[in-house]
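Shown below is the structure under consideration.
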Amino acid sequence: MDEDSRYARWEQRTEIPLFLASLLFLAAYAARVLAETMPSVWKSLCGFTMLALWLVFAADYAVRRHLSGQRFTRFVRTHFLHTVVVLLPLLRPLRIVPLYDAIQNRQGEPRLSLHARVIAYASLSTLLLGFAGALAVYQRERGAPGATMKTFGDAIWWAAATLSTVGYGDITPVTPGGRAIAMCMMAGGLALLGAVTGSFSSWLLQIFSRESDRRPPEG
Amino acid sequence: MDEDSRYARWEQRTEIPLFLASLLFLAAYAARVLAETMPSVWKSLCGFTMLALWLVFAADYAVRRHLSGQRFTRFVRTHFLHTVVVLLPLLRPLRIVPLYDAIQNRQGEPRLSLHARVIAYASLSTLLLGFAGALAVYQRERGAPGATMKTFGDAIWWAAATLSTVGYGDITPVTPGGRAIAMCMMAGGLALLGAVTGSFSSWLLQIFSRESDRRPPEG
Amino acid sequence: MDEDSRYARWEQRTEIPLFLASLLFLAAYAARVLAETMPSVWKSLCGFTMLALWLVFAADYAVRRHLSGQRFTRFVRTHFLHTVVVLLPLLRPLRIVPLYDAIQNRQGEPRLSLHARVIAYASLSTLLLGFAGALAVYQRERGAPGATMKTFGDAIWWAAATLSTVGYGDITPVTPGGRAIAMCMMAGGLALLGAVTGSFSSWLLQIFSRESDRRPPEG
Amino acid sequence: MDEDSRYARWEQRTEIPLFLASLLFLAAYAARVLAETMPSVWKSLCGFTMLALWLVFAADYAVRRHLSGQRFTRFVRTHFLHTVVVLLPLLRPLRIVPLYDAIQNRQGEPRLSLHARVIAYASLSTLLLGFAGALAVYQRERGAPGATMKTFGDAIWWAAATLSTVGYGDITPVTPGGRAIAMCMMAGGLALLGAVTGSFSSWLLQIFSRESDRRPPEG
């Protein structure tokens, strides 16, 4: 059996369990951050679950690298999304878009169009980046002296204002850790804006060029 | 008579009354929110008017679905704007753009160009989203403890700063309901920005490709 | 002599004096707003100058309409920039871009490229909109109770933060008149953003398509 | 030896030393601004280093102008990036992108693609503009009465919020000098946004047109 088909078989067998594992990872992180009055044994359990899941993700990444038969530096470049979600496992549920695509493909259904895929990625990225970012910043801000972010609702409101680049400034992080995460979210917000406007722009151009083709020649 | 022409006839007969009904719906909502000293019998009247109008809109949607002869899930996808304005009747006046288009078409006049249609939708969406959003947020913020939004003028000013993604933050919603509506408005603001920049970009490209065609060949 | 050449001759003779008049208009407005301690006779003189200049602009617009031989509604659409600068004479110095273009054309020099023209319009519009908007808002805010905009420097700083959609909110207008002008500036800021990103995007595409043409065919 | 090859030889010999000198310039400026308790003899040394390095940059610019054999005004236009980094030496490390390109080219490796080059320039510009801008504004704000920017961490946080056009407004410059630099950074933030969205948009269009080509003709 050649390498390509072994890689494809590995992907086909692991993609659904790994996607469920990524949702569990997000849930464990949310529980650890939000349930303040949780007994410490449960907190430790959440922590161990996250560590175990991350080891599973890392092992999957190593197996894929081996099966692909590529050198490490090349694999990092050709499997960019895989690399990102190993380093930032909170973003792993983004893998649902290629997963959905692959299942459609296997059943002989048409794949999503380019624009639908860009819009699906952009919307999901926003929701995940906002939720995971709000959790991570809230964990650092909670109880800090002079913090304006007092509840998780405040954190969600702040994340929405940041990702849309509105930036009211009624609630802002004050700790160095919270600000560092916020800067990454700003970069994400810019990329998201670029994806939305770029996708809209190219969709308009495509419609326009179709309309030009449909018209009878003027000569 | 086949289904297509029956659908077209229904649309032709109902579109103007339904557009007037949508303006009445917006007026009734505005009256209910803004006229604080209105006797409660008038307030109830406004509420009943809104409910009755919404039932009319829902009935129109059901009739259209029946006349189109499509399954429900398919109809939702192919008549996306209709579905949105049944769920959010405050945005229903947006239907003026296809209405104007249809009337022009029937009279043998040329349809609006793609760019003119995008700009008309974007401008109208902004005005409607801003006005309806300011009303909805003002209803929730008025009288809330610690609210910075004290008059309807403040609400309009806040809505303009939000939709343009300027976001001064001198006035911000503080209630969970107001913030939830505000997040939807931020998403609308981003889409609007995408529409404006995308439309401008493709308009420039179109002008440029025309100029290229007009030039004599350099060889 | 036919109408086209009479229109062209009128334009050629009046464009430079009218451009100088538009700079005088802006200067008179700035003097009236900024020189608070100016004796009232000078203030009246500034006011009369502005009125007289505006009458000149309106007369020029009427003459152009007459010479074009078009109906009023059609002239408004085909001479959009002229109509805007008659209604908002503070923006009239924008006419320098077609003026420069016309002078280059007459001397047989090449016209500005499309991208250079868009960038020139966008930059000039920003500077003029910012300066005129800061003047107009400052006039309304100065001395208002609770105003955060205390000097003209504050007004310029606020205008820059608004047009770039940054929107710090450290200084914001509080009077209804100031806020109404600010909303127009926000719309201008969005259009400017669209012009800049659209122009950049189409410039990139143009470079890219040139690079594709230059490559040898792969077959 | 003709002028072209002498220019190329000069560039090839000086580009790496000049790049290292530009990093030294940035480091000297950062040391001068940040090390408040540094003895004044060290401060003077930093100042002299910066002056000496700037003279080197200016001399390099003059030599290049001479070797190119072009008139001054033409050289300014055709070597735009060189001119900018002579006037604003803090941005000089941007020259790493053409430097990397030239080294790749000399070794027979393929050049960066247009999109990769735009993204590399945009990311590097953001980091440099943010770091240099934060230094320059912090120097003016430190110790000013009523300043909200109290540490260099605050300055970095403010620069990130400005370049991404989020603009919280929790920290804003209050001195005229700081505000003037901030306005230049806002213009840079807009251009950056245009580069990111424009690049993304044209990348999408390119992918789309490739997919269209790959499909079999429908007829």
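Every chain is named by a letter (A, B, C and D) in the order it is written, and numbering of its residues begins at 1.
The definition used in the following text is that contacts are C-beta pairs under 8 Å (C-beta built on N, C-alpha and C of every residue); 3 or more make two chains touch, one makes a residue touch a chain.
As the structure is a computational prediction, the values presented were derived from the model and not from experiment.
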Exercise. What chains, if any, are shared contacts of chain C and chain D?
Worked result: A, B
For this session: Tell me, please, which chain's centre (mean of its C-alpha atoms) is farthest from the centre of chain A?
Result: C
Seminar exercise, completed: Cα superposition of chain A onto its copy chain D, rotation angle rounded to the nearest 5 degrees, comes out at 90
For this session: Compare the contact pairs of C-D with each of A-C, B-D or A-D and report the one sharing over half of them by residue number.
Result: A-D
Seminar exercise, completed: Of A-C and B-C, the pair with more C-beta contacts is B-C
For this session: Taking all residue numbers used at the chain A/chain B interface, answer same if over half belong to both copies and different if under half do.
Result: different
Exercise. Using mean CA coordinates as chain centres, what's the chain B-chain C distance in Å?
Worked result: 30
Problem set entry | chain A and chain C, separation of their C-alpha mean positions in angstrom | 43
Seminar exercise, completed: Residues in chain A with touches to at least two other chains are numbered 165-169, 193, 197-199, 201-202, 205
Exercise. In the complex formed with chain C, which residues of chain B make contact?
Worked result: 153, 157, 160-161, 164-170, 192-193, 196-205, 207-208, 211
Problem set entry | Complex interface listing, chain B residues touching chain A | 114, 118, 162, 165-169, 172, 176, 179, 182-183, 186-187, 189-191, 193-195, 197-199, 201-202, 205-206
Problem set entry | Of all residues in chain C, those that touch chain A in their complex | 165-169, 197-198, 201
